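The same subunit A turns up in both complexes below, where it pairs with subunit B and then with subunit C.
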Partner chain A sequence: MIESNCRLRPNGADVAAKVIDGEAIIMNLANGLYFSMDEVGSAVWEMVESGMALDHMAEALQARYEVSAETARADVGRLAEQLVEEGLVIVSDDAGQTGPSPEPVESAGPYATPTLTRYDDMADLLALDPPMPGLGALPE
Partner chain B sequence: MTLHPPARPERLLFDLCRVAPPRGERGELRLSGGIESLRRLEALAIRHGVQGLVYSRLVDRLTGDEDHAEIREAVEAGLTRLRRRTTFRDMEQDRVLRGLAAAGIDPLVLKGGALRRTVFSPLERTMGDLDILVAPDEVDRALETLHGLGYRSRYPEAARALFREHHHEEELAHPMGFLAEVHWGLTQPGSQIQLDLDGFLARAVRVESPGDPPTRVPCPEDLLVHTVSQIEQEAARGFRRLVDLDRIARTEGLDWGAVGSRAGEAGLAGFLAVSLRLSNLLLGTEAPIPILDGSALSRRARRAVAAFAPVRRLVDDPDSANAVEFHLFRLWCMDAAHRRVWFSEALKGRSDPLHWVWEGHDAPGEANPMGTTGLLFLLKLAVYQSILVVTKLWKHPGGSAGARTGFWLDSGPVYPANESGSTPP
Partner chain C sequence: MTTDTGGVYVRPGVSPAQEFDDLRNGFGAAWASHPDGRRERWFTFADRPVRFRIVGSGLAEDVFRAFSHLERAPADEEPALTIGLWDEGETGLGVDGVMPHDDLNAQGASFASDDGTLVVTARPQTRTAYRRVERDLCGWVADHRRLTQYELGRPLHSELMLWHKDRDVQAVHAGLVARNGDGILFGGPGGSGKSTTALTCLRAGFEYMADDYVGLELAEDGAYDGHSLFCSTHLEPDHLQRFPYLVPHAVPGRLPREDKSLVLLSNVLPEGLSRKARIRAVALPRVVDADRPRLRPASTIEALLRLAPSSLILLPYAGTFATEFEKLSVFLESIPTYWLELGREMEEIPERIAELLERHA
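== the complex of A and B ==
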């Protein structure tokens, strides 16, 4: 269980991430696994990158979405556990530092439980980019 | 303004892939067939490899009315999947390039990987695999690096050896599903078409975009000629390559003189003309008239190419293609000297050493060579050609088989003059 006043940080050179149009795409360079997080998850990822403590993240979610404090805290805690488990973040060792406080933001619409999707095999997804017909496959 | 869908979904596909839609069709788009019409268009876009471009355009042009809510939702969902896939690919490309850079290798990125960082946005240009070109003395180190990144050869050792010898390439796959091809030649050693590897490497340029590592790609003229070489390999049956060609041809300051001379030296002058004319007709690509008019080909070859109805064969289902038609079309696009060499090789009956790989076998002994050489195959070519001539005579009984070419400039204006919305042939 990660303490709510802890901060997380991306796992250094082993992780590459991009947030594009509300979706976070994260790659564990050490094992080549890819992950994605939806809109709320990507907001959490940006907070991780900014060095915010977990309890501040929950407050920020509560301010941005229609979600209770209890749900926000539980979701952030669970997501943090998953991110640590997958080696995407590490718990920051600078105890006592809570990082930036959440800034007031406009409401971002309905809340959905943040989820971390792991891709073990993307062959089906990537197969949607088909190669062009080649010489070899033609019938006589 | 509302645009009603054309009778054929292909026309809509071509329109959506143009840099600018035809005059009078620049407004919102209405898909009157509902979600079913979107699914048909989607399938067509996937078949032609232009789904990224089509999704991006659809989301901009679909009307905002309630009838379109379901379609818009489906397009946005498709765009989200595509964005995810594109980002995965970009990150993987960066990982591979960083790995190679750490090994002291600075490869040239070819095809889709280069195009999406030069003339397209990544979302618009999908790609099936990452193609990289390295100098011959870097091949072993490059392969070792890719193995270190988790890639493994796609084929058994017997096929690998043949790929190395006859294609100057190694194809690799990552367990996650990514594919990569390491090339140390641009064309097959025995091919009629030969691109200048040293020239490509020497003229390469480096492109930089925020968040991505600098990527070394061919200069625009070489990118264009290399795209034409891909079109040659596919016998001009792939629409995606024409879109590539169109976007490269629009590069500011493109040196058409260099394009023409390099294509000529490579043996691609005929294919350059055919490809650009196709792209001109379907996408409005502008190019110098001496290229578009097909004067690189003999009058006979121009008539023969036109008899294939190049636009129609591009639209036809690729499953309808056959080896005879495929080779015959390529032959007519070659210059006379290359054609003679091809015939002489074919007469010797040399079969493709990789035929068993193309046919999906694990070992050479399990398959018979594809009959695309030898006297019998040449006879098939002759029969097919005769059918083409007879069909043409049937359609134009008043004149010789090639009296009306039906494809080249003398059959109609170049596209910009045709922009009033008339249907491409």
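== the complex of A and C ==
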């Protein structure tokens, strides 16, 4: 179980994500899996990227949606476990630093339990061509 | 920086730079000693002139066929890419220590110099070395008759994806057809209907760029152009039967993994093939239980979910993955996106595409 004062961060260069219009897509280049998240989940992902601690994330959800503190904490904790299990984030090792506090926000729509939807249809296709080594941009 | 070599492709103690020198010298020796087997052609890749020189008439025929719709006259300017290949089977000339892999199904491997500017790509029957800064690619082919169907349909796939990327042309897993240069891009994973849509439109008189890979380039005016790469299509047997006009040209696969037939469209409707189009909208084909195809608005995130995974995971973007993902997101945010729900009436697909072009061209 991840401690509530911990922070998460995206897992390196193999993971990329985008949030558009309240939905998120997260891709893991290392294993070919990709994921989507609904509105509440994408809000949590943005908080992950901002370096917020889990307990602050729960507070932020409570401020933004009509949800109890208990439910928000449980949902954030469960989603954090899933993100770690899927290799999309890692737990930051900077213990004691809780990151930014939640800022006041306008109330959003009705709360729905955040879900991480997993797609594995690409994983089998990785074998079609040799994977390229980690190549950066062409030097100027 | 070696990935997944399985050891079979590595020559102990040979650096990527030495690999390039060996391949360049091998090509030079073949070119000098086999004048009858020399073939030179110029092509246009993403609006840029590319020069191919190949030693081996059979290999040349195989490689040039996949790009024949992009052929051009020799350019006065410096080529944006120079490619030299030779066939050991035809010339009898190899490279010390470089052996073909008997298992044609074996995965290849790529490895790079420490600064990433020189990339060696090895497959069971081929080995290439590409100098990214000099835009110079040399390669050996053990025997062109043992190339896989995948290699015949998309020669030098990884290497050319990388070359495009270095020119800021992002290869995306998509189809593209057009009318009068105004194009509709089809995004989606395998089996979603990209080929069905593109091939039906080709038959209906649309300009055809691709059903699988498109070079996406941001133009100076802020719009996006789509460039054709290969004129091949790969179809499963059941799928092929839905296109009777392609059946006589289909070449079945030989290997267990090759369950699709290869069709080189330059052999079928060469006048319908085109190099480039301005992209006006994105359609996301998906098969639904309906009689007639129909269009429905799609969100940007839905489009990204259909287009990004196969484009970014299958292509050599490691190292700049996040950047390429962002570029694709920006593209999709800039353009109308639709679901193209494919019903049973395939013949009506071109009408829906024509409707999209009327709305957005």
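Everything below uses one rule, namely that the second predicted complex is superposed on the first by the 121 of 140 C-alpha atoms of A that agree within 3 Å, B and C clash if a C-alpha of one lies under 4 Å from a C-alpha of the other, contacts with A are read in each partner's own complex, and residues count from 1 in each chain.
Here is the rule we go by: contacts are C-beta pairs under 8 Å (C-beta built on N, C-alpha and C of every residue); 3 or more make two chains touch, one makes a residue touch a chain.
Just so it is clear, the structure is predicted and the values come from calculations on it, not from any experiment.
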Worksheet item: Touching A:Lys18 in the superposition: subunit B (first), subunit C (second), both, neither?
Response: both
Discussion item. Quick check for you: in the superposed arrangement, does A:Met1 touch first (subunit B), second (subunit C), both or neither?
Written reply: neither
Response to the item:
subunit A residues contacting subunit B in one complex and subunit C in the other 16, 18, 20-21, 23, 25, 27, 29, 32, 34, 36, 119, 121-122, 125-139
Item to complete: Report the residues of subunit C in contact with subunit A in the complex, numbered from low to high.
Response: 1-4, 107-112, 115-117, 119, 121-123, 132-133, 150, 157-158, 162, 166, 189-190, 299-301, 304-305, 308-310, 312-314, 316-323, 325-326, 329, 333
Worksheet item: In their shared complex, at which residues does subunit B touch subunit A?
Response: 46-47, 49, 51, 80-85, 87-92, 94-95, 126-129, 149-150, 174-179, 211, 230, 233-235, 237-238, 240-241, 318, 321-324, 326, 352, 354-355, 357-359, 370-372, 380
Worksheet, complete the sentence: Interface with subunit B, subunit A side, in the complex: residues 16, 18, 20-21, 23, 25, 27, 29, 32-34, 36, 119-140
Worksheet, complete the sentence: The subunit A residues in contact with subunit C across the complex are 13-14, 16, 18, 20-21, 23-25, 27, 29, 32, 34, 36, 119, 121-122, 125-139
